[in-house]
Structure formats: structure tokens, C-alpha cells
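Quick heads-up: structures coming right below.
Both of the next two complexes hold chain A, though its partner changes from chain B to chain C.
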Partner chain A sequence: MGLWIEILRSSILAAIPIALASLGGAFTYYTDVFNVALEGMMLVGAFLAVIGSYFTGSWAMGLLVGALGGLVIGIIFALFAVYMGADHFVTGMALNMFAVGGTTFTLRRLFGIKGALVSSRIVGIPSWNIPLLSKIPVLREVISGHPFAVYIALLLIALSHYLLFRTKWGLRLRAVGEDAQVLDSLGVSSRRIKTLSILGSGILCGFGGAFLSLGYVALFAEGMTSGRGWIALSVINVSRGRPWGLLLVSLVFGFFEGLGMSLQGMGLAPQFPQMIPYIITIVAVYVYSRRERRVKAA
Partner chain B sequence: MHSDFIQMRSIVKVFQPATVALDGVSVDINQGEIHSVIGENGAGKSTLMKVLYGMVAPDSGEIYFKGQKVNFSSPRDAVKAGIGMIHQELMLIPSYTIWENVVLGAEPANRLGRLESKEARAQVQALVDEYDLGLSIDERVADVSVGARQKVEILKLLYRDIDTLIMDEPTAVLTPQEIRELFRWVSQAKAAGRTIIFISHKLAEVLEISDRITVMRRGKTITTVENKGLDKSFLARAMVGRDVVFSVSKPPQEPGQTILAAENLHYTDADGQKKLDGVSLKVRRGEIVGLAGVEGNGQFELVQALVGLIQPQQGSIKLKGQEIVPLPISKRRELMSYVPQDRKSWGSAQPLSLQENVIMTHHMTNTALQGRLRWMLSRRKTRQLANTIKEEFEVVVPNIDVPFFALSGGNQQRAIVGREFMLDNDLVILDQPTRGLDVASIEYIQERTLQKRADGQGILLISTDLDELFSLSDRILVMYRGQIVADLRPEETSPEEIGEYMLLGAKGGDNE
Partner chain C sequence: MRHRRVILFSLFGVVIAVTVGLLLLWALGYSALEGYAYLLEYSLLSRTALFSTLSRAALLVLLGLSASTAFASGALNLGQSGQFLIGAMAATVFGLFVNLPAFLQIPLSLAVAALAGMLYASIAAFFRRRFNMNELIVTLMLNFVADYFTQFLIAGPLFEEGRQSPASPAINASGWFPVYKGFDTGILVALLAFILIYLLWNRSKTGYEWTIMGQNSIFSRIGGCPNEENFTKAMLVSGALAALAGALVIMGGIQHRFMPGIKANYADDGIMIAIVANNKVVATAIYAIMFAIMRTGAMGMELETGVPLEFVHVLTAITVLFVVASREYSQYLIDRFSAFLRARRISSRIEDYAGRDSSGSMD
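This part shows the complex of A and B:
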């Protein structure tokens, strides 16, 4: 029992960064921007969040600076991909490499350390007990008492769903992905909408990265996103960008990541459990494409 | 009626590197008139209208609207001034419902941006009722006919309270009945005081509805005339710059033995839609079989099944007695010539040279092109073939090494038709062979097609242009919802009758 609760708790924690990044990617998914820079946006977010927290001593500033970091990557991406007409994939890959190199370099120059920055000056995101939920037995042990950003993430998912499917902005945004010319012919700039969607994805990925470095733990390790941006990309595809759907898919990924961590604690060689989320990604994409093909063949 | 409603003065537009689309064009549009702008493809009609609509910035020239000099830098400005445009390719989001498409970009919403869908639906429904458009506003655009989609475009303009309406070739994809309905609506709009600019190259239509007509040729305005006592040949001469033969002559000819026999073809696509529902047809030697139908009724799938791009789930296709369903495309192409409807992405490889494009398929089937080694092509022989096609089919290019995309649409199509006709197969499938071409190229391709018929080859001609079907075909088949619902001789039927079959699948609505 206790073990299962532990696994479920850790799956939520592991799911949130992926959910946030894929939520960001959902916006670009709908505007038909091939956003492979999710990984880089997350990494910069994770790094700057730790830096922000380290120097100001405030987790809130950390979150803010992390989100801004993602935004900056988004601005560069939009500048090249939307306004200068560069290839989305090449631009995204360049930014990913820049993120790895830039964060590692800065970490080493600034602190003179290799590997990970661990310090008591880094303030993590505090946990929060939800007043009503914390009264329900069993469930409270799974859901309540998480870093407070978990609840913000859920709120953001609800807000994004509303924005995408209930507002005029959502109507326009989804139309851009289907046929940008239609909007241009109506006098609505599709470029602007594409740019905004990229900036939005930057902020959300930066936030997701910040959660990774300040939510679970309070440290930054080189390349600590370790492919979560790519997992997010497949989450978006499997859930077709539906906000609640991608939360669900993220939770599945989170579950396997959590399972992996718990298995590590049980003395299994750590490399095996670490593989699990990536194997699941391959399986998920495979199952998804099989389903797609079956729909097409029917 | 104000005569200084819209004035376009000396408009020049050059598309880099060196295409002069508009060469000092001046046109006046009066308020409340139906003003047609006619000209061949490439004459600059669409570009001129895009300049007026703010989609294309002119290099020089001035536009006055209601006496004021205006400078529309985007369609938004034009829409604000009350000018709307219906484009040749409809500007709709297929997965959205009709009402969502209508309000898109001008949505009723509260201060938080929440879409007031109830209010939006009510407004759109009111317009549908008022103008008697007969649309159900909750249907997805992807699920409705082309005619209905055009009405959605009209609704978009009504919703935005547009009083000047530019329509770019609105009748190109409509059946005669739908055209009638469109014209009824256009006259109604004129009666309500709206100004309509109608772009077309179909002379009969232009003569029927216009108050005044402006003729354009090669980026210049040739003349603007009142529509009084004009006839087709006058307009055609102004448009083309020479006399035009309106109907190609088709000598009577008895068809020979059957070349193509398709039996009971069934095909259901990936979305579960039945596209071919028991199609059988025959094409005989020395016969042109025309295939009509509203787009999306299975003509496309039928051609794909014949060529081998899709596998029918049931049925047989016999070519000269041989069953070809199990054959791969490359084997089938040794037996049939095929001009696809999409010249750019299916009919050619745009970045490659003319030479490379015209030897395609020949390079697989024609062993005479081999070099000393069997698996190599002889450079000399392929160039020879390419030059022959260029000469024979009057492709106007400096040499055969120019990239294909540098050719005009008419020249591209001549090259593709030339390639396919040179294969010299007994069956020729022509899918929209003259769509979007200039008059001279249309005439030319139609004549070559009749030549093929005289040579005793069998031709299947798919076309949305009923005039073309009537002047070329020996029989006209009509497809409706995946079935062939009519098989008529052109001299015994009329475009109206064909139109009824296209729309209803039966004559006069009596479903047999």
C-alpha cells in the first residue's frame, strides 16, 4: 500500500514537467509550427530557475526567471522560423544544442563546478496542502501536499483548454494550423498568431523546466531535462494536443518514471529503470500509429 | 449611380524576376453595377483584384475609392472600407462548421474573449434565412458540396456588411443549376445596391450578367464597354487578340472494339466513405468517353483505381482483355497514357528540366532509349526524344534544359500531354487536361485529343468543363455518389440535363 502511494505520488511529480512542456507544445501543434525546441526551452528554464532562486533566495523569482528563459528561446525561435522563414526543425535543433552548451558553459564559468549545482541557497517550491482534499483518506496521500506549482499546472491546463476551445482566440489559433491563408485573407495576421503560440510554448516549457529543478529537487544538473522535451512531443501527438488528454498521457509517462525510481530504490541496476520512460515512448508511438492506420484502413 | 466609385489608375505590378503582371492598368468601377473583368489565364485579372483588395502591393499606380485616394496595405483595410473578395480557391477551414467559418476573424465575443456561440449562430442563421441560401449552419464545411461552400463565402461577406464584392472565377466549379442560383443571388445583391466585380473567362456568363465589361490582355486593359449588343466573338477577339474557333470539329466516327472494360468496381476509402459503388464502364477504340460529375463523387478515385494508385476492394479492370488489377503501376503505365489533374505535383517534377520531365515513363518503357549498357540511358537518344516532343507539341522554350517551373501553365501541360501521347498507348486517360489554361493551349490540346481518336485510340476524359465534354465526347457518363448514373450522347442531351444528374443523381429528382 505504502509503496503504491509512493509510486503514485512520484508519478504526479514526474508528470507535471512533461505535461507543462507538452501543453506549451500543444499551442504550436495547433498553429502547425514544428516545435522541436521544447527540450531546449525546458533546459534553459530549469537552469535559470535555479540561478534565479540562488541569487534572490526566492522560489517565486526562480519560477519567473525560468519562464522568462523559455520565453527568450521562444523569441529567437519565432524570429528565425516565422519572420525569417528558416526551417523549423533546423532552428529548433540549433536552439536545443545552444541550450545544452549555454547552460553547461555558464554553470562552469559562474560556479566553477562540473556536473550539478547543489546549494542550500537554492530555495525549492514549497509544498501545499489543499484544505478540503487533505481531509479525504488515501486520496489525500496521493494528491495533497505536492509542491504548490502542481496545482498551478492543473489550473494552466484548464485555462488552456478554455482558451483553445471556448474563445475567439482559440478559434483563430486552430484555424492557423489548418490553413493560415484563410486568416490572412480575413485580415487576421497568421504570423502574429504563430509567433504568440511559440512565445506561449516558451513560457510553459520554461515553467516546466523550472518545476524540474525547483519542484522535485532543488538543484541543477547538466542536461537534466534528459529528453523530456522529446517525450512531450510524442505526448502531444498521441493526445492530439487536447489539454486534458495530454495531462492523462503525461501521467502515464510519469507513472513509469515513478515506477523506475522506486525500482531503483529496490536495488535494481539504475540503468534499467531509467530506460523505462523512453521505452514507453516508443511503445506509445507505435500503438498510436497502429491505431491511426487501423482507422485509415477501416 | 456614382461614376467615381472605384478608380484604379496606371497600376503596375512586376513579379520578380521579370513577370510583368500588370502593365499600367486603369479601370473605373461604378457604384451599384455588375462589372466583369475578363481575360485569359495570365492576363492579370486576379492580380489586379488582389491589388484592389490589399493582398498585393502595386509597384506604382493609384487607387481612388469614393473619390479618396486609398492605400490598402492588407485585406483588413479593404474589408474595413467595405470591399470583400471571394477567391478562386475558397478560403475556408474544412474542419470548422459553417457558422464558425462565417464568424472567423470577426467573432462576437465578450470582454474575456469568450466566443458567444449562441449569438453567432443566431446571426448567421438570420442571414441564411434572409437570403434564402438553404444552408444548415452546423454542418462541417468538409461535408458540404462545392456550391454550398461558395455560399458560405458569400455569407462571410454578408456577415461583414460588405457592399463591394469581388468574385474571382466563381462559376469555375459549379454545375449549371448552381450557376443559375449564384446569378440569381448576384442580381439580388445588385438590386440591394451592392457593387459586384465579376472575374471570368466564360464569355456567355459574362454577357448574361454584366452591366459593363473590361477586357484585359497580357497585363493591359484593352477596353471597357457597355454590355449592349455585344457578342462572344467580339469579346474573344479582344481577349485573345485574334479570331477564336469556338468548337473544334469532331467528324462522326464508328467506335471499334473495346479497349478498357471496368466491371463493378468498389472502393471504400480510409475514412470509411464509399467512393466507388459498383462502377462499370467501357471505352472503345476511336471513342472519347467523357466523365462528368461534381467534384468528390468518385471520379478521382475511379482514375486512381484505373492507374493503380489505389486498389479497389472488388471488381475487375480489363485492358485489351488482360486483367490489370493485380498489375503494379509501372506495368499498367506500359499500357496506358495518363495526364493527371494536378499538373504541378503529379504530372511533373517542377525543379527538374523539361528534358527530364518529358522522358519520364519513357525511360522505363522505351528500350530504344538504352545506351550501350542496358541499365543506362543514352544521353543522345533521350535528348532527341525530348526535342521531338518539344517540336511536335509546340512547347515554347529556348531549350530543353530549362527547369520545368519556368514554363507557363500552358507550356507545362503541352509538355505533359506530349509525353503521354508519345507513349503511343491504346488507352489515354485525361484528367482535367485543359483546366486553367489559355485559349490557344486549350484549343491545341483538344485538337490533339481528337487526333488520338482519329488514330483509333480509346480516350477517357474527365472534366468539370461541360462545354469541353460536349464538344469532344462521343458519350458522356455522369458520376454521382460513386455510381455512374447516366450514359448519354452529347447530341441527345443538354448541359442542363447533365447538371441535373450531377446534382441529384437522377433526372428531375425522380430517383429511379
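This part shows the complex of A and C:
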């Protein structure tokens, strides 16, 4: 029982960065921008969050700087992909490399270290006991007392759902993906909406990365996102960009990651449990393609 | 004419990138020109430096060709790093358990590695063909699986007793590439692969069909090309090339053993190279050499001026962005300008027509 609660708790923690990144990617999913820069945005977010927290001693500044870092990558992406007509895939890949290079370079330059930045000066995101949640028996052990950003993430998901499906702006955003020229002909700039969706995805990915480095742990390691941006991309596909759907799929991923971590303590060679999230992603792609086929056949 | 324009704008991008690099170094408080001078000195201006640049270029040519072969035919194989590791592991296992005379050992070892890479790439190709699963994500995820799997092997079954950190034992010496005065003969493998891939793209039916498929897969299908088969072929060739690079790392150099971190950034560089080269075979080789110069020279630059060698990672990413953007943006501007000219021609013709026919038959 205690073990399962531990696994469920850690699955929520592991799910949040992926959920945030895929929420960001959902915006670009609807505007038909092939956003492969999620990984880079997350990495920059994770790095700058740690840097911000290290130098200001405040996790709030860390989160803010992390989100801003994602935003900056988003701005570059939009500039190249939307305004200069560069290929989305190419721009995104270059930005991912830029993120890897930029973070390792800055790490070397600021601290003279390679690998990981671990320091007591990095202030992590504090945990929160939400008064109501902590009263529910059993469930409280799973859902209460998480870093408070978990609850912010849930709010963001609800907000995004409202934004995408209940507002004029959301309608336009989804329309861009359907047919950008129709919007342009009606006097709504599809470029502007595309840009906004990319910037939004940058902020959310930056936030997701910040959660990874300040909420999940309190350190930065080179390449610490380790494919989570790509996992987020497949989460978006499977859930078709529906905010609540992608939360659910992210939780499934989180569960397997948590399971993997618990298995590592049980004498199995650690490399196999570590493979689990990636294999699950392949399974998710399989599920998605099967459903696509059914939809086509119907 | 079009080729010249593409080359011109690529050069333009390189010039911008070099300038940005200079400015960046200068802004960070380093002596920029001196840094560049050391970069060139440590990558080209001595025999050791030149040969180590060439060895690195050999790997990057193979990985760049792996990416460009896939991309140009429309197969999004991003699994270079996984295929590289599997190739390296296959060469290691072969080199540990088989011991033949060198003239058999070396080619067989390369063949085994290439085959392993093909096999690994075929997983994604199979999933794509059988279940229509996106190969981009599958190949990427398989990179992580390969990484953990090889880590497991060198920490467990292949671990050499008595070492502090995980690594395999050294492979049998018959599988080592001969080194002549510092020149690693493994480089010739890359040269040979380059020639073969060039011929494949430019002189073979498959290469022609790949080109058409990469530009317009619907057109090639209607034209009667076996797209499905060609896709698989592209994935397999791509996987084999990446795996050969892995084998080169094990069979060449000094260590001759599988150690953690041997994949370095080669695979990512290969993808970048293919992208800046616009997936063209010759351009891939040229950029591979350029990247190799930067990577090898970076160590010298760090030694002499204290610029962290990771600076080059930033610089290559910036180069890619600028080259691609200048290539595509110029195309965009030219398209717009020609559209503008066409519109003006049409409007003047309408005016001519309206002027001639002023009796008012319109409306």
C-alpha cells in the first residue's frame, strides 16, 4: 500500500513537466505549426530556472526566469519559422541544438563545471497542503502536499481548455490550423495567431522545464529533459491537443516513470526501468495510429 | 543558376555566422580573432591536428549522409544516435568474440556493424509500414532505448573486471584500423561510403526514385515507384551509415573499447550537417569537414584562450539557423518579388485593354 502511494505520488510529479510541455505544444498543434522545439524550450526553461533560483535565492524568480527562457526560444522560433518562412522542423531542430549548446556553454562559463549543477543555493518549489484536499482520507496521501506548481499546472490546463474551446480567440486559433487563408481573407492575421501560439508554447514549456529542475529535483543536469519534449509531442498526438486528455495521457506516462523508479530499487539492472517511458511512448504512437486507421475506415 | 544562388546564400549564412561568433566572443570578453586563429591552428596546421580533424570528419560525413539520405527521401530518421550506438556495440561484440586475420576481421566487423544498424533502423521502418506509426518519434525513442541497453551491456555482461567505471574490454587487435604515421585508415571507410552514396543518389534508379519521393511522394506513387520499398531502403541505408560511424569509433582511435559517452554529439551534428547542406551529398561532406574543423579546433581554443569548447555548439546551432533562414528567406523574397512583377504586368495589361476598349463594353 505504502509503495503504491509512493508510485502514484511520484507519477504525478513526473507527469507535470510532460503535461505542461504538451499543453504548450497543444497551442501550436491547433495552429498547425510543427513544433519540434518543445525539447529545447524545456531545457532552457529548466536551466534558467535553476540559474534564477541560484542567484536570487527565490524559487518564484526561478520559475519566472525559466518561463521567460522558454519564451525567448519561442520568439526566435516564431521569427524564423513564421516571419522568415524557414522550415518548422529545421528551425526547431536547430533551436534544440542551440538549447543544448547554450546551456552547457553557460554552465561552463558561469560555474566552470560540466555535467550537473548541484548547490544548496538552488531553492526548490515549496510544497503545499491545500486545506480541503488534505482532509480527504486515502486520496490526500496521493494528491496533497505536492510542490505547489502542481496545482498551478492544473489551473493552467483548465484555463487553456477554456481559452481554446470557449473564447473567440480560441476559435480563431483552431481555425488557423484548419485553413489559415480563410482567416487572412477575413482580416485576421494568421501569422499573428501562429506567433502567439508559439510564444504561448514557449512559456508553458519553459514552465514545464522549470518544474523539472526546481519541483521534481533542485538541480540542473546537462540534457536533463532527456526526451521529455519529444514524449510531449506524442502525448499531444494521442490526445489530439485536448487539455484534459493530455493531462490524462501525461499521468499514464508519469505512472510508468514512477513505476520505473520504484523498480530501480528492487535489484533489477537500473537501465531497463529507465527505458520504460520511451517504450511506452512507442506504444502510445501505436495506439494513436490504430485509432487513426479506425477513424479513416469509418 | 539555381545552384549558384543556393551556394551563394549558404556562403552568406556562413559569413554571418562567423561574424556572430566573433561578436559573441567579443561581447563575452574574449579576444575573438585570436580565438579563431587558435581554432584554425589546432584543427589544421599540424599533422596531428589535421589527422584528428579528418578522423572526426569521417564520422560526421557518415552521420551527415545518414541523415541526408533519410531526409532527402522523405524518411524522418532521427535515430542516428541509437543506430550509431548499436553499430558500435555490434563492432565491439564481434571484435571481442571473433579473431580472424585482419584482412577478414576488419571488413566483417564493418559488415556486422552495418547490418546491426540496418536491423535497428528496420524496427521503425517496420512499424511505419505495418502500423503507419510516425518514424520520427519511434526512431527518437529508440535512441534512448539503445543508450540504456548499451549502458547495461558495458556495466553488466561486457564489463571488464577491475575497471572503475563501466566499459567493455578492448577488442582483438586484428580488428583495429591500421594507423600510418598518425593517419587512421578508418577514414577511408567514410571516403568509400561517400563515393557509394554519391553514386547511389546520382547514378542509380533507387536514388532517382528517392529524389522524386522526397519531393512529392504522391507524384512518385502515381508515377509507379514502389514508395513503401523505397522508404524501407532509405531507412536501412541511413541506419547502416550511422552504424558504420559507430564501428569506426571502436575500431579506430586509441581505446578500441566501448566506453560511456562515445556517441558524444556526433549524431546531432550529423543531423545539423544534413540540414545546412539541404540534404545534398557533396554539400554534406563539405559541411562535415567544416564542423569537424570547428569541433577539433575548439579544444585548442579552450586551451589557449579559455573559451569553453561548448561555445562551438552554440556557434554551430547559430550557423544552421542563419544558413537555413537566409536560404529560405531569400527564396521567399524572390518569390514575392516575382509575384509583384507578375501582378504589375497583368495590371498594366488590363489597363492597356481598358484603354483600348474605352467605348465601355466592360459592364
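A few comments on the model shown:
Convention: the second predicted complex is superposed on the first by the 297 of 298 C-alpha atoms of A that agree within 3 Å, B and C clash if a C-alpha of one lies under 4 Å from a C-alpha of the other, contacts with A are read in each partner's own complex, and residues count from 1 in each chain.
Definition applied: a residue touches a chain if its C-beta (ideal position, glycine included) is under 8 Å from a C-beta of that chain, and two chains touch if they have at least 3 such contacts.
Only a predicted model underlies this, so the values are computations on that prediction, with no experimental measurement involved.
Superposition model on chain A: chain B and chain C are shown in a clashing arrangement.
In the superposition on chain A, the chain among chain B and chain C reaching more residues of chain A is C. Contact with chain C, but none with chain B, is seen for A:Met275 once the two complexes are overlaid on the shared chain.
In the superposed model, A:Ser289 makes contact with chain C only, not with chain B. In the superposition on chain A, A:Leu171 makes contact with chain B only, not with chain C. Touch criterion met: A:Asp87 reaches chain C, while chain B stays clear of it. With both structures placed on the common chain, the touch criterion links A:Arg109 to chain C but leaves chain B unconnected. The clash between chain B and chain C in the superposition falls on 19-27, which is one of the stretches 19-27, 73-81, 235-243 or 487-495. Chain A uses no single residue to touch chain B in one structure and chain C in the other.
Listed in rising order, the residues of chain A touching chain B in the complex are 163, 166-172, 175, 178-179, 181-188, 295-298. Those residues of chain A whose C-beta lies close enough to touch chain C in the complex are 76, 80, 84-87, 89-91, 93-95, 97-98, 100-102, 104-105, 107-109, 226-227, 230-231, 233-234, 237, 269, 271-272, 274-275, 278-279, 281-282, 285-286, 288-290, 292-293.
Those residues of chain B lying in contact with chain A across their complex are 55, 74-80, 85, 87, 91-96, 100, 103-107, 109, 112-115, 156, 270-272. The touching residues of chain C, counted against chain A in their complex, run 28, 76, 127, 131-134, 137-138, 140-145, 148-149, 151-152, 155-156, 265, 268, 271-272, 275, 308, 310-318, 320-321, 324-325, 328-329, 331-332.
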